[in-house]
Structures are given as C-alpha cells and as structure tokens.
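Multiple structures follow.
What follows is a pair of complexes built around chain A, which joins chain B in one and chain C in the other.
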Partner chain A sequence: MKWKRFTDLILTHAVLIVVCFIFFFPILWLVLASFSRTGSIYDLSGFFPKAFSLSGYQTLFTDTQMYDYPNWLKNTLFVAVLSSLLGTILVILTAYTISRFQFRTRKVLMKSTLVLSMFPSFMGMTAVYLLMVNFGLINQLWSLVLIYASGAPMGYLVQKGYFDSISSSVFEAARLDGASNFTIFRTIALPLSKPIIVYTALTQFAWPWSDFILPNLLLKNKDLWTVAVGLMHLDETQFTRFAAGSIFIAVPIVILYFCLSGFLVTGVTAGAAKE
Partner chain B sequence: MDLLVLRAARTRSAPVRASLCVMGLGQMMCRQWVKGLLYLSALGAFLAYLIAMGGADIAGFFTLGTHEADPWLGTAGDDSILMLLRGLMAFGIIIAVVLLYRSNLRDILELDRSIKAGLTPPPFVKSLRRFFDRRFYVAALALPIAGVIVFNVVPIVFMILIAFTNYGGNNVPPALVDWVGLENFGRILALTEIKDTFFRILIWNVIWALCSTFLNYFGGLGLALLLNKKCVKGRRFWRMFPILAYAVPGFITLLAFKFLFSYGGPINYYITQAGRNAVGFLDIDAGIKARLIGLGVNAWTSIPTSMLLATGILSNMREDLYEAASIDGASKWMQFLKITLPFVVFSTTPVLITNFIGNFNNFGVFYFLRGGLYMDGYFLASDTDLLINWLYNLSIDNNYYSIGAAVSLIIFIITSIISLSVYVRSNAYRKEDTFR
Partner chain C sequence: MKSRKRATLYSYAWSGPSLLLIGLMVVFPILYTAYISLTNMNVYHWFDFTIVGLDNYIRALFVFDSGFLSALLATILWTAMSMLFQLVIAFVLASLLNIQKLRFRKLYKTVLMFPWAMPGYVSILLWKTGIFNSQFGLLNQWMEKLGLAAARWLASDVSAFICCSIVNLWLALPFMIMIMDGALQSIDRSYYESALLDGANWLERTRSITVPAIRPIIAPAVIITIFTTFKQFDVVYLLTQQAGAKTGSGFHTILTYAYENAFITNNYGYSSAISIIIFVLLIAFSARYQLREEGDR
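Moving on, here comes the complex of A and B:
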C-alpha cells in the first residue's frame, strides 16, 4: 500500500513537471532570446543565445528608424486606457441595470445580445472596415476606442452575476427611505462593486492591449501602429527585437493577471453558472 | 394595430384623441407646453426630413442607384453603398419616430388618467426628473444600447444586406451595385471552384472544432484533477505555469510558435544539427503536420483557461459522494466516470458550447501560423484555413465582399443551430434534474 502511494506520488509529480515544462519553456525561450546580443533567429544556437546582453531592449527604444516601438507603445496605451475607461462605465451601467430592474424589454435585450454574439465577429468587423473607409474614419485611433468601448456591454454577464449576488434588501431599504435610483446607484451600488469594477477595467484594458485584428484592419498608417501590429511585421532577422518587444508588453499583463488570479477563477466560472 | 394604440383610440377624451392624431397636441391641450412642443417639433422635423431626403433615401435603398458615373463626361453617378446606408438610416429614423410616438401615447394616457383623478400634472422639469428616477433603466441603458446599435447592429445588418447584392470584386463604386437575391448563396453551393473550397473547408472546420474542443476541455479537466490530488504539494506553485501561459497575450504566443517552427527556428536548428534537411513545418505542402501543429498550439493557449474553469467547478464538488463511493468499493476510475465527469460536464455545458463556437471561429491560430497562403484546389484559401480565415481572405484581402458576407451568414446559421439545439437540450436537462 505504501509502495503504491509512493509510485503515485512520483508519477503525479513527474507528469506535473512535464506539463509545466511544456507551458513554461516557450516563454523561457522568448525571455532568453530577448537578451541575445545578436538580432537574428539564425544566430541563436537552438533555443539559447550565444552571448547575452541588453542590446535587444536598447535597440528597441533607440533604433526607431524602421520600427518605432516607443510610438507603438504610446498608441497602444492611448487606445487601451481610453477604451478601458469608457468600456468599464458602459459595462457596469448595463450589468447593474439589467440585474436590478425588471422592465418589459429586459428579456428581449438579453436575448438579442445572445443572438448578436453568435454572428462571427469578422462579419461586423468587415462591415465596420467598409463603413469606416466610406466615411474616411480609417487611420484614427479614436475609432478603435469607440469600437472597443461600445462593444464592451455585450459581455455584461460576469458583472451581472456579481450584481445578482448582492442582496436586493439593501437597495429596497434605501428605496423606502426615499433615495432616488441614481442616488442608490452612486452611493450604494458603486462602493459595493469596487472589486468587479477593478476586474472589468483590467479585462477591458487587456483586450485592446493584446488585440491584433482590429488595429491591423483599421490602422494602415505606420505611425499609428499598435504594438501588436508592429510586432507582426517583424521577420526572422528581427527576432531579438520581437522577443524583447513581446516580453516588454507581456510583463505588465502577466503581473496584472497574477494580482487577479483570485478573481480569475470566479470570473471564468461566473460565465458557467446557469441562471 | 397594437394594444397601446387601441387603448388610446378607445379613450373618449379630447387630448388623447388629439395626441393620437398629432403627436404632442394633446399634451399642449393639457397645458404641458414644453413637453408638447418637444413632441410636436420632433414630428415636424421628421416630416421635413421625409420630404427633403427621407423619401428619396428609401427609394434609393431599393434601386441602389440608377445613374452610373461617366468618367468621360465627368458626371458624378450614384454611390450605391452610400445609398444603401442612407436607406438604412431612414429606416432607423422611422423606427425611432414610431417609438417616440408610442411614448407620446403612453404619456398622454397617464396624463389623462391623473387629470381625471383630479390631480394637477407636474411641470416639465419635475416630470423629467421623475422619469429619470422611475425609468432609471432607460436613462442608464441609453448610451450602451446606442453604442451597440451603431457599432454592432448596424454593421451586422449592413453585412446581411451586402450578402444579397453583387458588391465586391470589380463591382465597387463608382460602378453600380445591385440586389441579386440569393445568387451569392447559389454560387457558394453550386459554382464548382467556390463550392469545392467551401465544403472542403467546412469539413475541416467541423473536425477542427470537435478535436480542439475535446482536447482543450479534457486537457484542462485532467490538469485540474491532477493538481487537485491530495498528494500534490505546492499547488499554487504548479498552477503558476499554466496561468503564466494564459496571461501572455495571444498574438505573442502565436507569433512565437510561428518562429519556433520556422526554418531558422530552434526545432529546425536541431534537425539540421543532426544532419538532416530542415523541415518546412508550416509550408504550403506541409499537409497534416500544419494541422496538428495548429491543434497543439491552440491547446497550449486554451488548456489553462479550461483548467481554471474546471478548478472552480471542482471546488464546489461534494466530498461525501466520493466517500460513499469508496465505501461501496468503486475504483478511482469508476468514481471519475460516475461522479466527477457527469458533475463537471453538467455544470459546464454552456461553456462547452461557447468553447466549441470559439474554436469553430478561431481566427488567430492559422492566421498567424500560415496566413495568406493560397493553395491549388482551393479558392483563395489553404488546407488549414477555417471558414473564418477564408472569410478574411475573401473580404479583406481580395474584396469579395458579397461572397464573404454570404459565407458569414452561413457560419452564423451553423453556429446558431448548434448553440440553440444544445441550449434547448440543456434546458430539458435542468428541468429533469437528472444529476443530484
């Protein structure tokens, strides 16, 4: 019996090590490559650079003639921050309202968002592209912000789940005391929903931060590229630059996710809960 | 005739009748000047629009332009796409006015009732404030809904309409675009080259969606179960690695994997070091290799999510079921089959569908790994392309807008049928309460 338990222990951990290695190794490879002294992928010996230095990061920020990484970063930040701000307001408003109020069109709204979300995302995007070309709105960072933020309320379900879990007796008591609905929202609902606001703001930030489809479609002008679009244009000879650029943009997001890992499980599970 | 109009028509009261005929008139008869004037001026503006532009716009929606531009004479022609959009806008305005008219009826009915009850109706500002409070949801949802309509609904409606025109290819403004009915669908299902590509891609797409959903789901479940075993020490540490993989932005992962399998990449480095020829893993003739790599890469990016999900579900699992089962002498495997699996699958059916559809429409993997390859025997696609990639090739890279729109409608029909049928079945499950 003891033997059986021992082999089980060893086997379990062996499998764990293999799995974690699979998940970790590509990332490790990128991190190492970002510290390579030479730029091309052909100069690495297999997974490992021949010589280490910080020159990858240095060229990333100084050699901006062809690939203007600081500018890409600036554009990405602009789009991500603004769409996170706007998107969070819209999502929280939508989720709170749909969770708290019973009105005639509520079910219709919920069903229509479900139907809308079944259309392939590209269909809308192709149309948005055509419309933007028609109205000359292409090559505008603002149009990206508007598209991200106004699409955000469609994913209100997680936030609605959160508001559903707040007992309605608090709101009803305030209502009896004569508080208006707006006052209740401002002074009771908002302070209670700090965690979900943080969660929403971060997810709304992470999406534009790492999206490539929309910026690739709408930003044809090289000065307006976001990091995702810029990195897509780097080939094998610019591998160190790619690795350094990727690590630089991935680190903040990874830190965010780790701070949020408690939320993560609830966030992912919330979609699973049946109504 | 709907209920509201009928109710208004049956009310024997002059202001209600007046508002039924002319929006806002009744309100003014009840001395609600501001409100009445606002309704009235909205009606006036609408009529002016209809006469000045709206009528022509609606007509243009059906003709899509009759005068073609003549570059020799330098005459400007009709821009069909602009006409389509303006027609769409006209319909939107009409719907908005109908809604406003209904709100006018509702308002006058309430006003009439309160006057009959002997109350004096509140002044405009006060009633506005009351509306904002009582109908808080209208005020709160106005902005989000407007955003969704402008940036999601209108584009989708526009695309649905495009599917029934011959817009695209060489036929773009200034050339005239026309309604062609179901011709695009006919071409997809009948025209040899497009038809073959469509069915080949469709079959691969279904296989892909099934395989990758299965792989990711059970991969994640397996990993979660492994981490949940009692003998595992340092769970947080082990869980860190999949979460790390989850946190890295998808495009970075996908680009990195493209480099990993490229000619200069480390795998080919070791192959050439061993004295063999470099392998074109993602080349145009890679065949099954590229498909398997796609599955693997997708699993790498998706298993962490399903692991997190399964971990969450498993933490709600009741321990006593296992105890009872071990007392009855059930093996670990039987316990998994009879307790864990039904519980997890039962509580994740909706997610399973979302995952399936997400995989069905997984654009990123093959776009990054081998985007832009066109193979013989395929119309503007390669053997790993999914319908969504084909859609991109057709409409963005090659301007086949109408065919692309028709393909997206077909994708929509497939995915909605799948989700609806599963939703209906899972509903039935819920009612029967088979598990528990």
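Moving on, here comes the complex of A and C:
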C-alpha cells in the first residue's frame, strides 16, 4: 500500500513536470533566442543559440532603418494608454449607471449589448473605415483609440457586479443628506471602487497592447505601425530581432496577468454567472 | 416621481457617451454590414454596386463550392475537438494538482499559467517561425536528428488543422486548468471520505461526486470558451493565412473565411452576408443556452 502510494506520487510529479516543460519551453526558447548573437533562425542549432550576446536588444533600438522598433513601441504605448484611459472612464460610468439607476430602457440596453457583442467585431471594418474617412481619421492612431474605447463599455458586466455589491444603504444615507448624484458618485462610489478601476484600466490596456487584427487592417502607413504589425513583418532571418522585440512586449503583460490572475478568473466566472 | 425622472435623465447623461460610441462604432457597422450583404459590392463594383437581394446568402448556404459550408463544418469539428481535449486534459491535470500534500504545487501552477499570460500573437508567431518553420524550425531539426524527413507542417489541410489545434490547446489550457482547479477545490472532502468507506472506486467517485459538483461551477467558463473557440481567428490566420505568407493549407474557420473574402479578395457583399450568418448563428446558440439556464433555475 505504501509502496503504491510512492509510485503514484512519482508518476504524478513526472506527468506534471513533462506538461510544465511542454507549456514552458517555447517561452524559454524565445528568451534564449533573444540572446543569440546572430540574427537568423538558421544559425540556431537545435534548442540553444551558438553564441550568446546582447546584440539582439542593441540592434532592436539602434538599427532602425528598416525596422523602427522604438517607433512601434511608442505607437503601441500611445494607443494602449489612451484607449485604457478613455475606455475605463466609459466602462465605469456605464456600469455605475446600470447598477445604480432604474430607468425604463435598462433591461433593453443590457440585453442588446449582450446580443451586439456576438458580432465578429472586425468584420464591421468596412463600415468603420467609411466612418473614419468621414471623420478624417484615416491613417491616424486616434482611429484605433476610438475603436478600442467604444468596444470597452460592451464588457461592463464585471464592473456592474462590483457596484452591485456595494450596499445601497450608504447611498441612501447620502441622498437623505441632500447630496446630488454627482457628489455621491465622486465622494462615495469612486473611493470605494479603486480596485475595480485599477482592474478595468489594466484589462483595457492589455487588449490594445496585444491586438494585431485592427492595427494590421487600419494602419497602412509604416510610420504608424504598432509592435504587433511590425513583428508580423519580421521573417525567420530576423529571428533574434523578433525574439527580443517580443520579450519587450510580453514582459509587462505577463507581469500584469500574474498580478491579476485571481481577479481575472473570478471576474470571468462571476460576470458570466450573472446576467 | 420627480426624483425618478431625474434619475432617468442622469442615467442617459452618464451613459450617453458610451451609448453614442457604441451606436457609432458597433451598431452602425452591423447595420451597414447587413445592408452591404444585400449588394454586389466588390472590387469591380466599388461605388456602383447594386442591390442583389439574397443572392449572397444563397451562394453561401446552398452552393457547396463556395467554401462557406465546408468552413462551417471545419469550425464545428475544430470547436468540438478543442473542447473535448481541453476539458479532459484540464480535468486530469487539475486533479493531479489537487492531490493532497502535493509538493511544488505553487511552482507547477505558476509555470502552467505562462502561455495564458503571454500576448497571443507573440506566442503564435513564435510557434510559426520558430517551431513549425518548414526549413529550420525546431520540429524539423528534431525530425532530422531522428533520421526522419523534414515536413511542411502547415502546408496541407489535415496537418495544418492538427498544428492549429495544438497551438490553440497550448494557449487555452492554462485558463481551463485554473477554472477546473478552482472548482475542484470547492468540493467538500467529506463526500470522498464517505464514498471511500462505501468502497467506491475512482471512476465511481469521479462520476457521481466530482463531475456533478464541478459542472455548475465551470459551466460559464466552458460556454465562454466554446464561443472563443468557435470565433477563433488569431491562431489560424497567423499560422497559415497571413497575407504574403500563406502556407497553402485550405483549412479555414468561418472567421478566417469571412476575413479572406472581405480583405484579401475584396468580396464585400459576400463576406458581409457571411458575417451576418455568423452573427445569427451565435445569437441562436446563446439564446438556447440562456433559455436552458433559465429553465434550470
């Protein structure tokens, strides 16, 4: 009996180690490749690069003739930060409104956002393209910001759930004291909702930061490329550059996901479990 | 009464900007797509397109050669396979992680989360250029070492389907494992103890305790995953369809199929019809799920 338990344990660890290896080795390989001295994938023999150096990172930021990585990074940051800012404001306001106020079209609005979110969003790009032409926003990073920010309030459920959980007696008390709606929002709701604001801002940042579909469709001008578009244009001869560029874009997101992991998982289940 | 009216006013004022933007960037495009789907807008008729009625829909749904139906079938197969593998593998791994007094549990969990935390396109491009690359990819280097012929992994339909499935599994499993893990942890240990006293074996315990207990907990996450798998675009597009780097595989999910018709061959009318069909399919599916859920309550 004891012997069987021991072999079981060995087997469990063996399976877990193998699986962990499968899950982790592409990432490990990416890190190793980013420190390869020569740029092309053809010079990697098997798993390890032949020689290590930091030149991948160096060329990434200095050799910008063909591939202007610093500029891509700047564009990505611009889009992600502004989308996050704008998107967060919109989501918080929408979620707060739907959570706190009863108004006639409330149910209809909730139902229709659910239905609208079924549409494969980038397939509406022909129409969005037309709109952008009319606004004079073609080939401008602002067009992306606008699209991301307007997609944001569609996912208000997690935030609404949070506002729902704040006891309404706090609000009633303030109302009896004669506080206006805006005062209540500013002095009661906002201070209580710091965690959800941080959560929203970070998730709204992560989406544009790691999206490639929209930038690839809308940014035709090479100066406007985001990192995603740029990395898509690097082939296997530029593998070290690709690896180093990927590390830079991945590290912030990986850290962010690890910090938020508990939140994100419960957010998905809780948000979906409610209506 | 008066305060109620004011509340209504506030509601609209505060959600106004969001509603305006949603109307502009979400509702209008859908309506416009519905309109375009009734026309013959394409490369040859950019501005002088005419209304052709339901022709595009008929072509998609009743002409098998158009490729939509085969893409739809492939997508359904793809979704079913992915979900089956995801649920089974995640269940096994989560069970292993929940063995009592397991050492290094935290370490395993952290490592298993990595693919989920990476930006998706980075991982997919890495698999493409690094691992499946037909000349010097890692996979072919290993094949050579084993004395086997190098293969063009992404070139044929079936192997592209398998490669895409593997990458998708790699990307999606961590989330499923986390959900399963959370669900398993919520089961009361005492059930198992009394079942063990009754002499129930592992299979019986799994069937009558574990599965019923975790089902309601993982259901929302599973539904969401079914949706994202069905709407999968990134993996298939980046691995096989990327403009200028097509691998020659004919495997399409409905979304890559719609994308190709819209932005590569510029069949806007036809691709719009496909978008609307996808839209309706997804609404129908979710309506059915919602009804079932309401019935359960």
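A few comments on the model shown:
Here is the rule we use: the second predicted complex is superposed on the first by the 263 of 275 C-alpha atoms of A that agree within 3 Å, B and C clash if a C-alpha of one lies under 4 Å from a C-alpha of the other, contacts with A are read in each partner's own complex, and residues count from 1 in each chain.
The criterion applied here is as follows: a contact is a pair of C-beta atoms (placed from the backbone, for glycine too) under 8 Å apart; a residue touches a chain by one contact, two chains touch by 3 or more.
Since we're looking at a predicted model, the values are computed, not measured.
Look at chain A after the overlay: chain B and chain C clash there. In the superposition on chain A, A:A244 makes contact with neither chain B nor chain C.
Within the superposed three-chain model, A:R104 lies in touch with chain C and out of touch with chain B [touch as defined at top]. When the two complexes are overlaid on their common chain A, residue A:G124 makes contact with chain B and with chain C alike.
Residue contacts after overlaying the shared chain place A:N134 against chain B, while chain C stays out of touching range. When the shared chain is aligned, chain B and chain C each come close enough to touch A:T12.
After overlaying the two complexes on the shared chain, residue contacts for A:P26 are found with chain B and with chain C alike. In the superposed model, A:S210 makes contact with both chain B and chain C.
Under the contact criterion defined above, the residues of chain A that touch both chain B in one complex and chain C in the other are 9, 12-13, 15-16, 19-20, 22-24, 26-27, 29-30, 41-42, 44-47, 90-91, 93-94, 96-98, 101, 103, 106, 109, 113, 115-116, 118-128, 130-131, 146-147, 149-151, 153-154, 181, 209-213, 217, 228, 231-232, 236, 239, 242, 246, 249-250, 253-254, 256-258, 261, 265-266, 268-269, 272.
Residues 4, 6-8, 10-12, 14-15, 17-19, 21-22, 24-30, 32-33, 36, 93, 96-97, 99, 102, 104, 108, 110-123, 125-127, 129-131, 133, 135-138, 141-142, 145, 170, 173-175, 178-179, 182, 217, 220-221, 223-224, 231, 233-234, 238, 242, 245, 255, 258-259, 262-263, 268, 271-272, 275, 278-279, 282-283, 286 of chain C are the ones touching chain A in the complex. For chain A in complex with chain C, the residues that touch the partner chain are 9, 12-13, 15-16, 19-20, 22-24, 26-27, 29-30, 33, 41-42, 44-47, 90-91, 93-94, 96-98, 101-104, 106, 109, 113-116, 118-128, 130-131, 146-147, 149-151, 153-154, 181, 209-213, 217, 228, 231-232, 235-236, 239, 242-243, 246, 249-250, 253-254, 256-258, 261, 265-266, 268-269, 272-273.
Of all residues in chain A, only 5, 8-9, 12-13, 15-16, 19-20, 22-24, 26-27, 29-30, 40-42, 44-47, 90-91, 93-94, 96-98, 101, 103, 106, 109, 113, 115-116, 118-131, 134, 146-147, 149-151, 153-154, 180-182, 185, 206, 209-213, 217, 228, 231-232, 236, 239, 242, 246, 249-250, 253-254, 256-258, 261, 264-266, 268-269, 271-272, 274 touch chain B in the complex they form. Chain B contributes residues 81-82, 85, 132-134, 136-137, 140-141, 143-145, 147-148, 150-156, 158-159, 162, 223, 226-227, 229, 231-232, 238, 240-253, 255-257, 259-260, 262-266, 269-270, 273, 300, 304-305, 308-309, 311-313, 347-348, 350-351, 354, 357, 361, 363-364, 368, 388, 391-392, 395-396, 401, 404-405, 408-409, 411-412, 415-416, 419, 426, 430 to its touches with chain A in the complex.
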